[in-house]
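The structures considered in this document are given below.
Look for chain A in each of the two complexes below; its partner is chain B in the first and chain C in the second.
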Partner chain A sequence: MINLFNYIDRLSPIHRLTGASKLVCLVAWSIAAMTSFYTPLLVALTIASFALFRLARLRVKDISFMLGMMVVYILMNNLLIFLFSPGHGAQIYGTQTVLFKIAGPYTVTAEQLFYHLNVILKNACTVPIVLLFVCTTNPSEFAASLNRIGVSYRISYAVALALRYIPDIQREYHDIALAQQARGTEMSSKASLVHRLKAASAILIPLILSSMERIETISNAMELRGFGKKDKRSWYSARKFSAMDFLAMGVCILLVLVSLGLTMANGSRYYNPFI
Partner chain B sequence: MKKFSVKSIVAIGIGAALFFVLGRFVAIPSPVPNTNISVQYGLLAFLAVVYGPVVGGLVGLIGHALIDFSYGWGIWWSWVIASAVFGVLAGFATKALKLEEGEIGKTGLIKFNLIQVVSHLICWGVVAPVLDILIYNEPLDKLFAQGLVAGVSNAVTTAIVGSLLCVAYAATKVKAGSLTKE
Partner chain C sequence: MENDIVISFEDFGFQYTAQAEPTLHNINLTIRRGEKVLIAGPSGCGKSTLAHCINGLIPNSYPGKATGKLTIGGKDALKLDLFGLSKMVGTVLQDSDGQFIGLTVAEDIAFALENDCIPTQELHEEVKRIAKLVDVEAVLHHAPHEISGGQKQRVGLGGVMVNEVDILLFDEPLANLDPATGKAAIALIDDIQKRTGCAVIIIEHRLEDVLYRPVDRVVVMGDGRILYDGDPDTMLCTDLLQRSGIREPLYVTALKYAGVTITREMRPSYLPELVLSEEQKLQVRSWFSAQPQPENTVSQEVLLEAKDLDFTYEGGHHALRGISASIHRGEMLSIVGTNGAGKSTFSKVVCGFEKAQKGSLTMGGIDLNTLSIKERADHIGYVMQNPNQMISKTQIFDEVALGLRNRGVSEEEIRPRVEETLKICGLYPFRNWPVSALSYGQKKRVTIASILVLRPEIILLDEPTAGQDLKHYTEIMDFLSQLNRQGVTVVLITHDMHLMLEYTPRAIVFNAGKVIADKSAAEVLNSPEIVEAAHLKETSLYHLSMACGIESAEEFTRRFIARDREVRK
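Our next item is the complex of A and B:
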């Protein structure tokens, strides 16, 4: 079975951090990057995120597939923004510096390019961090981490169950798909869209009905073992916080404060070099 | 906080796993970039109807977040939250339908589809674009075009897949009052 979540086991300072502190850092980092359009901060975050990547001893080869997808995604997104609204940058920054014209409303302005740069930076500084989290956190530690940062253990356990059953359901989906294909169900691009949707349902119905039975079986088994009777539970893969964990969380929470502080000091979310 | 029953915890877990597998491997690309026609919303609507709004919302939230995690392109919180909202809204159909009693019928299907279409419109036409504006400040028309395509295609797939699932599930349940005294 392919390793979906791409956990890569290596010895590095990032791997040694507990899952819980990495989760806090991931959330804080995304908040800092999401709330701000302050370009120097975004540049700093991007550089820092790539530096952290080096620190985790991950090679480009490990993640080349995901990286490629991300680049295509960012390019498509920017193309779409330009097609729909070539004047968006001028609207945000309040000035208009025409560089050259293409056709009709499609005029390239410095403001528009600067806005695109910001959008790309916003993606570029969060994506490596998400990849970093995914590649350095053991999935079985993930649920324990969620519980550690205050999510109720019942919901954390639901996440653990989801991670546990994804490979099983994938296998079952595959089996049913093969069985249906043997009966002549056409799923490839040769069939029309409506036809493919119908074919998909021919697989879905047995898959979901058997999953409903699975829900019954698992919940009976858990109930028999007294799940949910106490207010707390322990986790096999939970670890204690070390000094590095507190340092990492401290730095990331500071980042959120810096990001919010810059927005307040600047009077707007945008860093405007055009005035 | 209200305690969950064990069954709803398991339903959230298995539901999120199903949502993940369907969203990750059964995606049919649509003409607008970054937007797939996704059968998983049919499943989400169905699960929400069977298990209620809380399970629906959490299945959407966890399932969608896991999909984003596995692609590694960053978590698109705006769309993850929109999925969760869809699960919650569709869950309000639970009371209107009596799936557990093995009945769905024409009026049930109409109600189900009415609710799911309205929920899709709210999620992809309002929730997702508004959050995208707050977070990324992308141009309005682009977001609404993406939202519209996503909303309409999701509503269509939910109408086909979700309705079929409801009928199939209701058929497996014993109808209320199906025993007669002799």
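Our next item is the complex of A and C:
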């Protein structure tokens, strides 16, 4: 079964940071990377992100599925950019150095390739950081962190509950699907679209009905233990900020400033090696 | 000692907003600090409503009109909110899985304290203390699916004990546990009560299992009224339990069949202290000799045969280790064992939901491994435990017809087949009803009908009677025996020992992926090693026959069951 929030419990400096500071860092890092096309900065961030990944003691094998998805996404993204606007690079950088022609408007220019390099770098410096956050943050601590940065605890807890119930519901879905198959509901790709939609409803209705029972139980259980009465709640998995947390957040906020500063000093978001 | 009273109902009545009639009438009941009270009664007798009044779900979550007075901890309970009540009353719900809120054991225990905004540091200390009390320290950082049913219930108990409550309320604590774990749960409740001195209220219809440890008082309910409120010994001298549809402890029934007059002095409610005179023992012995030996009519024609089945889940869990077993045509069989013993995996392999890596599975000479899930379902029908997990149509007729329509059977043929099946299942009068109008037991029948309509030779049911009271249990099981008499082979996967003893002559016992016994249900339950390995419980009949000097506890059990079935008909 594929776990979406793939928390991997290891001992590392990244794991030791609190969920709240990691969330702040993630947001800051993404802003810094997304607003800028300043190539030297992107290269530096990419190198740094891979280094951080190593620091968290994660192995490529742990995240191979998610990594695969990301690579597919990056390739698709670049392919579509080229298909829809092959002249985008030339437009941005103001020059056109033709390398070779393919057909029609599809001409490969050095500017376009440089633009693609920037797009790939932007992805390459954020993707590891997102994976890092997902893999090193305990889901309950994440809920506690959301609450700390100002999200209502009811919403934060809903997130934690969803994570608690996803495996149960996956298991239930699997069981219901098998029982329906035994009664002859066709699930394979052989069936037509209409049939498959019907099959889906044959699973969804029982799934929804039994989930309703579950919801009644859980909401009674929560109320009986005093959930929602007070304006605030504390969290078992909350942790105090350490010096490292402040340092990490400081560095990431500085990054945003550097990125914005470079854009302003440069007069443009783009680093242009062509003039 | 006025101030010792923790709960007091005075002429209390309650009517749900959505209902035309009151559910509770004229309730007068007081419960004192440190008392242990069992509230028993069949489904629909009002015992759950009574529990909801005590823990505040009534009127806070289920609105309605209350009459009379209800005081809890000296305060008017109807004016208290859930939060205020939760400081006095801790409720452990029936569904120990559903009430597990946290992502880990520690967080679940901490939940009530978190809501009370207790600082994190204190939380950690308190959780440690409580975890020690309910003995879950070793699994503090485990997720709910990594721990056993018994452990989940302990966590549930810990989660309400953090509030330092005066009253602990258990809503059907035995419903989801295997017999041995249930026994341990009753012992734990007893233990906790002795240590904390709080009042304990246990709502349960499985009287004998609760009486494994003494209770101070039994309250029997029926039709929203209190029928009995007093000590358990006196109650067992009467025929109140039979009249109210609650199963009497088996040894008490056996004594009554033998003509022994039960008196309060015999201490009938607590088996270890049961006093029997020599004369009474003689009565039991002569009854035993006089009972005819029940015949064993087990068909020997093998219908389904499994040989050396071996199955390992993707994650590496080796669930079946060389299973060989056979199912005979026309028999009614139970498969028992602890959670994780491999009985569900076995049924999945039989139905084709999972494929065994080794071994063979044949049915009447056909190799089942060559058939798809759908093709197998024509021979073997599988009924899930929760009917809501199976029903996907809104109309009863359509639900039962679903399997046939999927198989491309013509509408002209479908109608008579569905109607015939509905008649067998006693659902014909409801054929045009929506499914949502049916009771739980009726829904269960719909799911059985929807499998039966495909005319399988074997039907396999997962815990068909879980959570049902004696009346519904008897209804479902009598229906299944009737089907069995009509020639359907019935296989039951169960924890219920009564069910095994009463309805299935043969039992296959699974343990750690292997078959450890394949013999009569009476033999299984009278052999201590198997009972222990399979997390079952010896029947009280075993102890009674020992006490009376009857050598074959197994034969005693068999004759008792035969007699009991006659009487109950």
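Things worth noting here:
The rule is simple: the second predicted complex is superposed on the first by the 266 of 275 C-alpha atoms of A that agree within 3 Å, B and C clash if a C-alpha of one lies under 4 Å from a C-alpha of the other, contacts with A are read in each partner's own complex, and residues count from 1 in each chain.
Everything that follows uses one rule, which is that a residue touches a chain if its C-beta (ideal position, glycine included) is under 8 Å from a C-beta of that chain, and two chains touch if they have at least 3 such contacts.
Predicted model, so just to flag it, every value in this text is computed and none were measured.
Placing chain B and chain C on a common chain A by superposition gives a fit, with no clash between them.
In the superposed pair of complexes, A:Ile169 makes contact with chain B only, with no contact to chain C. When both complexes are overlaid on chain A, the residue A:Phe227 reaches chain B and chain C alike. By the touch criterion defined above, A:Met69 reaches chain B but does not reach chain C.
Of the two partner chains placed by superposition, only chain C is touched by A:Trp235; chain B is not.
Within the superposed three-chain model, A:Leu161 lies in touch with chain B and with chain C [touch as defined at top]. Looking at the superposition, the partner that touches the larger set of chain A residues, chain B or chain C, turns out to be B.
When the two complexes are overlaid on their common chain A, residue A:Thr185 makes contact with chain C while staying clear of chain B. When the two complexes are overlaid on their common chain A, residue A:Leu209 makes contact with chain B and with chain C alike.
Judged by the touch definition given at the top, the superposed model places A:Ser201 against both chain B and chain C.
By the touch criterion defined above, A:Leu257 reaches neither chain B nor chain C. Per the superposed model, the minimal spacing between any CA atom of chain B and any CA atom of chain C is 6 Å. With the contact threshold set out at the top, residues 160-161, 163-164, 168, 201, 205, 209, 214, 218-219, 222-223, 227-228 of chain A are in contact with chain B in one structure and with chain C in the other. Interface residues of chain A facing chain B in the complex, by the touch rule stated above, are 4-6, 30, 34-35, 37, 63, 66, 69-70, 73, 76-77, 79-81, 83-85, 88, 92, 119, 122-123, 126-127, 130-131, 134, 152, 154-155, 157-166, 168-170, 173, 193, 196-198, 200-201, 204-205, 207-209, 211-212, 214-216, 218-219, 222-223, 227-228, 269.
Listing the residues of chain C that touch chain A in their complex gives 55-57, 60-61, 81-83, 86, 91, 93, 95, 98-99, 101-104, 106-107, 110-120, 123-124, 127, 144-145, 159-160, 163, 348, 351-353, 373-374, 376-377, 381-382, 384, 386, 388-393, 402-403, 406-407, 450-451, 454. Looking at the complex, you find that chain A touches chain C at residues 139-140, 160-161, 163-164, 167-168, 172, 175-176, 178-186, 201-203, 205-206, 209-210, 213-214, 217-230, 232-239. Across the interface of their complex, chain A is touched by residues 1, 3-4, 6-7, 9-14, 16-18, 20-22, 24-26, 28, 32-34, 37, 39, 42-43, 46, 50, 58, 62-63, 66, 68-75, 77, 135-142, 145-146, 157, 160-161, 164-165, 168-169, 172 of chain B.
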